[in-house]
Every structure is written in structure tokens, then in C-alpha cells.
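In this document, chain identifiers A, B, C and D correspond to the written order of the chains, with residue numbering beginning at 1 in each.
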């Protein structure tokens, strides 16, 4: 049974996995690219080895080198996290061929679910409803795609067969825009997964994106850990998730849960995975895809079920039975996750890079922060923009929302722009508060920069702040005031100054 | 000392005296303005109410992030104000607009060409960074006067990509 | 019903209370001394007002000024937190006379429990066992004390009647050392509580310090939230607490809980409070004192019961009924709190002051940090040395301990010395792990600086680090290497440097 | 370059070459030494094993806090070593010991007087700070040669309180 694990990832998820290993008394091996030498996962692991230059293809996608390092370091298993090599069956295969344990599903299951076309066919055969779209194998030519597009009908989605996380996904409203969209989708898919294949799927309107967490052991047990609401998306990127979904009642939860387990069993699934469903307003649900890996948003499920999913992944990989049967799983309270991205919500959500000069994370009751960054660390353009996950638990959805609001207000990140203001606005929007939204909500119904009387009131405050900063700068420039070292960081008015001297 | 602070089309007259108080639009307010931990973050107590803002300055504009909202403020003292008014100078940027790369990345597409007229919001460049395709849009109507890069180019932050007139 | 609360405190507890208020939609008013202008509670509150100079007597103990501010700001209630004015019945009285709500017990209850002598008499009358010691009124003269000392017998404890938190407490082994100890106890009590009265109590050996959290509403309901183990102390200062106590079984828990409620009811208690018991090795327990306020260690009870004690305090103060009956209260898992103090464990635990240059708090599943500091904040000698509370929850005591260990390993605080190394050693000690300890454990049986083979192994590592730092300094001094700005913060060898250029 | 690092009575010979490796007590080790975020914190990869230490230097002693343990290390290069050995200089501090206030506070008691002999661990001064009575103890046996403060005095950090010979 392995006692040392190599984590084939970086950032917050590498840190998350290291934490689980430490709490199980397992040694950890980190890998890093040139720009990640000082990253938190390198600082926290027992061992760390350089992979290569910053670009993923030269570092975190170098499966061969990673396996080499694992063997040299005497690691008995590899945890892939999410992204990078997590859903590459060839990598999982190679890990096993090297005599190491892959902490995840069997290569065959990754392959079956990895090709979204094959996946749709497989689960459909198992009696799980799927979204209408291209059938069978996934490596369709542009011609094939254009041909079936009309049968499926518009609007439709172009999706990467190797995809996940909305990367390489495009919406097409009509046939004539298809060629261009297919081209850019393939390009993005190629960049993200090293595989440019795409397939088509009917675009369901007013639908919600709701997923079921499943986990299976090697003794034939498969259970589900209930649902997560993931409809809050922008450009198919999840921004906020909650567990459970405000839209799912107990009967629907059980039905979706059972079918999710059936879908997993259809590919002889092992370890943790997630079945994504689209749910229409009549509560019909359709299989979208299966993510054969740990999910970014797994913490919200941990907080409402009490199950430590990453520790359970490791136990299962060690050949243990699941610690819980389906009956043991009960939901306690409500959890919400906000993805804190280095993106500028005031500038079309463009990524923002640079050195973090100050980070003050929220804390206190019911608040959890998973992050891989710290004050002094530099955000580079090489990897995704997720710098922190803010998770709040509450006895009720209402308490969770109020707690998330105060946690967002407390969060201080300086050095890069973040999407925290977006989340603050979102959590204050009435439609979100009552739980009435679908996957189009953010892009179509949610106004980020709206004007209210609070805006009016704060304008004069902002004007005062800006004026005081300008005034101070002018004064300093003109060197009218000579300031002590302490005072340069702490500008005082004469009046206040005198008061302090008393 | 008197300043005029402008946000969009709203202007505020703010008079700072050194006695721990200011006069904003005629209102007399006590103020304690404190920069926190050598960061561009300011804790301000205005008549006792506690505000915290992070501030950055670009050219003439002061960017104030306050309670999850961003305000772009132009601050002038009376002299500058008079100067501008007499010279009929406008606050809005005039003449050529230069599109610089907001972050390092790779140019994947340039949907416009030199001489082409564009409207505010049109895509000018598609730049890939952090594994995302980012659309750089036109801030105003205009005509493309120059394209400095080609698809496939790797560009540094602030590198000039394209110009509009 | 009040909608704005003034928090008459500072530091982590002020922040904790602000969080509870925000989550209830209540406005907050902070107060601060000159040195706390940039403190977290000032930054997070809706309003903040200056009290005066740093010394407590000129600021946080200025009850008159605090009430003035509350009225001027339109606050409808005052939360005292712990310490400072929290257990001053005259302050609670004055708050009510000013027409404001005091978020805590009635002044009469504070007074009854505040004089430890009276408290002992009262609860004894209610049938709660007490530790043998001086009876009745608490303002005994030195002569009285010396007189009764012999009757009680040695060893005995000299305690401040206005006391709490072990301040102004002394141990006497014989009569002849009594006068000096009484003197210093009175001095410390005077400084801490503005009241130099002391009383005597028999010193029970091999005893544990176990307390029961109670809370009562104004509708006649009093419930308890089970026990906390507080035996890990140094010089009568709690350093680590856990809930529940590994020593308490269910029958004992119920018995202690019932008597705790009875003791509270004996003084017509309202809001949250804590009954401290001494428990001997035969599971006999004796009333020690009641803390008529929120306790530092309240979070561990919150984590195992799911009750947000501070929110419940506010609801009760608003005249609401308790949200839970005794039957609703069940314990889920295990929680441990480590008090992170600015003290140097390598130098007799002397307080350490200065500016925090870097703070990286642990996080992830099951970890909570309550703190009032941040990187850039300065720790002054004016207030107590508690800078952070690290709380870890686990499904079992074992998981909680392992999680606390990894959290302590993650914690990075630079600028002041902290007692984190003490906690790391403590959580690795076999006796703690098996739960075999009493109130003397830390001082008598626990070796902080012991030698083990890990020590041997780390010595050479430390030697290498020290040598590399020295070498680097020498090189820089001699200016042999010209370094780029980036490189001054990141010293590389030529070899490594070349590798990076590839 | 060769150094001798000493912890208590254990000495280590450490040879640093600039090729990313060192020789410690004859062992050849690859090393990557990295200071984190401009802080006195160092991340060290020693043959791949990851260590993190915070370091402060006082006179000749380097204080290394590593995995929750504090190590006081004396580092000398060969020249210094030889110098010390020839002059029979001792590492331990000799002659007068000066007790300075470790933090600001108020002197509440001085249980010793000038001329009194004290043993290692005896209380010399009781200083109140952070609401606690802190006992400042003798680091070694000796005789009180001077008392610079009186009960009730407020003292600053590092202010000399008392001397021992």
C-alpha cells in the first residue's frame, strides 16, 4: 500500500491534495515549473522537483517526466488533480504500466467518458437520457459536422470531445457561422487538451446545469453525494456553485442520483467522478458529460455531506471500501462556492497578472478558503486564472448567502484585479437570492454595472477618497510636509495629529 | 485647498483644510484618512463612518475600488480647471487610440484590417492568455489606422497591438 | 428591537462579533485606541470612533465614553466581548440606565458571579458542589486570608475575586510564602480588573479543568452546549482547548450539564455563560467559577454543536426564544483550538511585540482561524498577546489532531515570535494524543525542548540553512555578485540559473 | 567555500560551491535555496526534500526556525575558525552580562540587589507587559553588578535593566 504520493498538478488543488495526504500521514511529492519555484504547493510538500519551463506542454503536461520523477522519488501513487493530465487515459495507463497507482478511475473509464461522443452512446445504452446531438465516435470532420448540424437544429453547441470546463465550446445560431466557430473551438480545444476534435449538441434553453458527485470503490460499491447547482456561468465557465441545488427536490435528487450511479457503473467506474446533467424547467434531465476526476467545486459537497472527498479518493485508491453506504449520506445545511479569478470584471473579464502585494482572506465561522497563492506570489499568464475558492456554509441557503456576502466584503487582494465585485453584485441580485436562474442568467439577465441609490451615495465618497489621495500626492511632491518614515505610511491631519499627542 | 472631482458627468466640489475636516458639496465633514500597511489601500473615517478603498492612478484618472464598485474619478484643482476650460480641453481622450496588450499572451486572430471602420464594442484582436481566448474590443467608434502584430505573435504586456483614429 | 450594535472590544473577538452582526444584517460600531486605528475591527465595522490613548484605562475601559459614543452613533445595544468591561456589573447597569441593551447577563447575575466568594456560596446553596475554600464575601483582608489559610490547608490557590483567565492567581505551598504571593496577586488583579480583592481555594491535585457552555433566554429556558476540556494551561493561562473532553463520558456530561444549568438558574442567568468545573481522577467535579460572558474558546463548541453562539447571544438579547431545546443539541465530531500568542516559547514565553511582516494562515477543510491581525499590523505591548485562534474540526479526535498538526505546519507568522512551536510539540506528545493529562501537565510533565532523532536530523539541515544565509550575506557584502532586482529576492546558483535559461 | 557551522557542541563542515551543490559532512547534496517574497524566509530543496525556515541573525549567531524547532547556529569560515582557535576565543559570551528589556513594559519588582550572587534561572526582574507579569531570569550564575531601574519604572524595549558579572 503506497505511503508517498506525487501530486501532478499546481495551485490550489495541489495544496488541497497535499493537505489530505498530510492528514493521512502520507508523504507528498510536488512538481513545479520554473515560474512556480516559490508556489505554495512546493513550499508545503515533503519533496519537490523541477519539471521545466513555464508553458504547460513543457512542464505540467510532461507525463513521461512526471512518472520518471515519481519513480525516482519512490512515490507509490500519482494524484492528477483536475485539468492538465487528469482526464488523459494514456497518462493513467502509463502510470499503471510504471507500476504506480493512479488515484482516479481506470484508463478504460477515462477513455470511454473522455470521448464525449462515445460517452453519450454508452450512457444512453444504459438507459440514461442524453441531450440530442451527434452520435457515436467523436473525431468528426468539419464536413460531417456541418452535415448533421441541420438535423440537430439551431441553436446548437460545438463542444470539444476531449473537453471539460467549457473550454473549446462555442454556440452556433445558424449554419453560416458554423465554419468560423468550429475553427476557433478546435483551436481552443487543441490548446487546452492537445486534441482539436469537436462534436455537436442541441442547445437547451432555460436549462440548468446540475451535477451529481459520485464515488466508487474497487469492491463494487458506487454511491452518490447528491447534487451541485452550477448554472451560474459566464462563457461556459462556472463562477459560483452551490450544494444542494435550490431547484432539486428530494424525489428528483434520488432519481438523478440513481441514474448518475448507473452511468458510472456503465463504464465500470472507480474513484470520484461527476455526472453533469442539463435540467429543463419541467425537471426533465439529460446527461451532458462525465468529469472523470476531482471537481473544482468538490468542497461544497464536502461541507454539506461531511465527507472528505480527497481523503476518500486516496482510501479507495488504496483498495479500501467506501466508508459510507448510500444510506449514511445525509445533507446538512447549505454551501456556496465563489471562484475568485484574477480577472477584471470592469474590463470584459480580461485576465489580470502581476505580483500579489497583499492578501487578507476572510475567515471565521462557516468560511473555508482553498488557495495556492499568498502575498508576494506572482500570477503569471501561463495557467488558469483561478487564484482562490471561497466556500461558505450555512444552516440554510439564506445564512450561506449572507455569510458569503460578508466573507466577500472581508476579502482583500491587491496586485491583480479580481472578480470579487462580480460576486458581490451577484449575491445581492434578487433573482439569485430567490434561486431563479438558468445557465443564461449571468450573460443575459444579470446587469453587472447597474445604477442604484447606493451607487449615487458612494460616488461622493469615492470623489472624496480620490481627492484626498491626489491632495496628499501633491503635498508630498511639493514637499510642503516633511514626513517621518512612519508618517509616509500614515498620513495624518494636523488636528488628528495633535489629538494623538495628548 | 479646493478641488473639483468628476465621475462621469457628476462633479463634486471638495475643499480640504488641514484641520481634519473637508467640505464636500457644501457639507462639512470630519475625516480621518489612513493608508494601511504601506499598501494603496486607504481606511477613511468620514463623520465616523468607516470606508475602505483601494486606489490606483492612471494618467489623470484615479481609480477607486469601494465596496465592490469601481469609480473612475478625475480630480483637478481650480487652476487646472480654469486652464482646461479656457483651452476648451476635453476630459475624454481625443485623437488616436492605442490598443496595448492588457497582459502577455499570443495573438490568435485579428478580425479587422487597416482602414476599416469599427464601432464601439467591435472585436479588434483576439488574444490568448491563461488558456482563454480574450476579445479586445474597440472603446469607441473609429477607423483602424494601424495593425502592429500578426496572428501567432507572442506579445508582452502593454505592447502596442493596434491603433484607431 | 435594536438594529445597530456597538462592540466594546478590540482584536479577534471584536472581529468575530462584527461577523455575526453582518450575517444578521445588523450595523456595527467599532471603538479604538490611538494604536488601533488600522486594526481589523475598525476596518470592518460600519462606523468607528476614537476612544483615547493606548492604555486600557484610557480607552477600552472607559465605559462612560463608550456609552456616550453608542448613544451618539444611535446604537441600540452594546456587546462587551470578553475581558475589559465584559464582567463589570456597574458597566452593564450603566448601559441599561442609558436605555441601551447589554448583550449579556443581567447586572445582578454578573455581580453575583463576579464576586467569586459570593458565587461559591450561591451555587453551593443551589446544590452544586464547590472546591473547599474561603466562604462568603470576597473582600478579605490579608489577616483574614492568613487566618483561614491553615484551615483550608496547603497547597492552596490565591485567586482574584474579580478574576478570570487566571490573572491575579498564585499558588501557595506554605503559610510563610503567603504574604508575598497575596501582594503580587492583588497587584496583578488590580492591574487586570481594577479590583485587588482575592480569596483562597484548596488546590486539587491531578485535577482537570472542564467547563460547560450554557445559554439562557428571557423566556425561562436554559440549556447547555456540553463540555470543553481546558486542562492544557501554563501559569493558569489556557493554551489549548478541545470539545468534547476526552475524559467525559455521556453520563458525566449529562450530570455536569444539568448542574451547570442549575448554577446558572441560581442567579437568574440570561444569555451565554460558562461554568468552570474542576474534575478529579475519580470523576468527582467541583464548581470553580462562572464566566458571565462569551468565552475565548467558544468556537470549538460552535463546531461540534453547529450552534453559532454569538448570533444566538444577539437573538436572545433581542428577546427571542432559544432556537434549540436541550434535546436538539447533539455533538458531531471533535474540535480543538490552539491559542496562537505573540510569545517566545524559546525564551520563557515572554511576550513578543513588533510589526507583522508576513501572515499566511492555514485553511482548507475543517480549519477555522479567528484573528484580528494581518500582515502590516503592529503588535503593541498594551493588550493581551492572543493574536489568533486556530480551530480544527475532525470526524474523530484523531482526525482533529492530525488536521491541527498540518494546520500548525502551514501557519506562517513573521515579525513576532509565536507559541506555534509549543503547540506543534504538544500535539506530537504521546500523553496528549491519548488524552492523559491534567492541569499540571504542561508545567510538570511536558518537555518543550526535548531531544529526539528528528532533532539530530534537523540540526544538519539548520546548519546548512544558516551557512547558506551567511554565505549569501558575505557574497552580497563583498559585492562579488551583481544581482538584478529580481535576483536579490531570489538567489540562484550559476548551475540552477543556467538550467532555467534552457 | 568552506564553513564550519556549530550547534551547541556539534560542528558541521559545510563546503559551498556555486554549482547548485554543497558538501555537508562529506555528503554531496544538490541544493536550491530560495528566499520567499522578500521575507527572511527560505525555501530550500536539498536533494529534492523541501524545507522552509525563517532566519534571523543576532551578532555571531544565526537563529533558524525549522519545522517548529529553533536552532542557534554559529557559522565561521576557515579563516575565522583559525583566528578564534589561535586566540583561544570562546564562542560563549564572556565577562559582563547585560539584561535588556525584551519588550516595553513596567518594572513591578526587582527580587535581587547589587552584589547579590544569583544562580542560572533565578528571577532578576519582574516586568509587566501585555497584562502579564513576566519573570526575567538569569542566563547563568553570577553576581549582580548593577541595577539600572526601580519598581514602577516604565521601560522601553532593549533598555538596560540590570548587569551581571
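We take it that a contact is a pair of C-beta atoms (placed from the backbone, for glycine too) under 8 Å apart; a residue touches a chain by one contact, two chains touch by 3 or more.
Treat the numbers as computed from the prediction; the structure is a model and nothing was measured.
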Which of A-D and C-D has more C-beta contact pairs: C-D
Chain centre separation in whole Å, for chain C relative to chain A (CA means): 37
Chain A and chain B: spacing of chain centres that average the CA atoms, whole Å: 31
Length of the line joining the C-alpha centres of chain A and chain D, rounded to whole Å: 47
Sites on chain A at which at least two other chains make contact: 37-38, 44, 50, 358, 374-376, 409, 490
Interface hub residues of chain B, defined as touching at least two other chains: 32, 34, 37-39
Listing of all chain pairs that touch each other, if any do: A-B, A-C, A-D, B-C, C-D
Chain A-touching residues of chain B, taken from the complex the two chains share: 1, 3, 5-7, 10, 12, 14, 16, 18-22, 24-25, 29, 31-35, 37-42, 44, 46, 51, 53-55, 57, 62, 64-71, 73, 75, 77, 102-105, 108-109, 126, 128-137, 157
Complex contacts: residues of chain A adjacent to chain B: 167, 184, 187-188, 191-192, 342, 344, 346-348, 350-353, 357-358, 381-385, 408-409, 412, 414, 420-421, 424-425, 454-455, 458-474, 489-491, 493-496
Chain C residues within the chain A interface of the complex: 15-16, 19, 22-25, 34, 38, 44, 50, 53, 299, 302, 306, 308, 332-333, 358, 360-361, 363-371, 374-376, 395, 399, 402-403, 405-406, 409-410, 490, 499-500, 502
Chain D-touching residues of chain A, taken from the complex the two chains share: 30, 37-38, 42-50, 73, 374-377
Chain A-facing residues of chain D, complex: 32, 34, 36-39, 43, 45, 48-50, 52
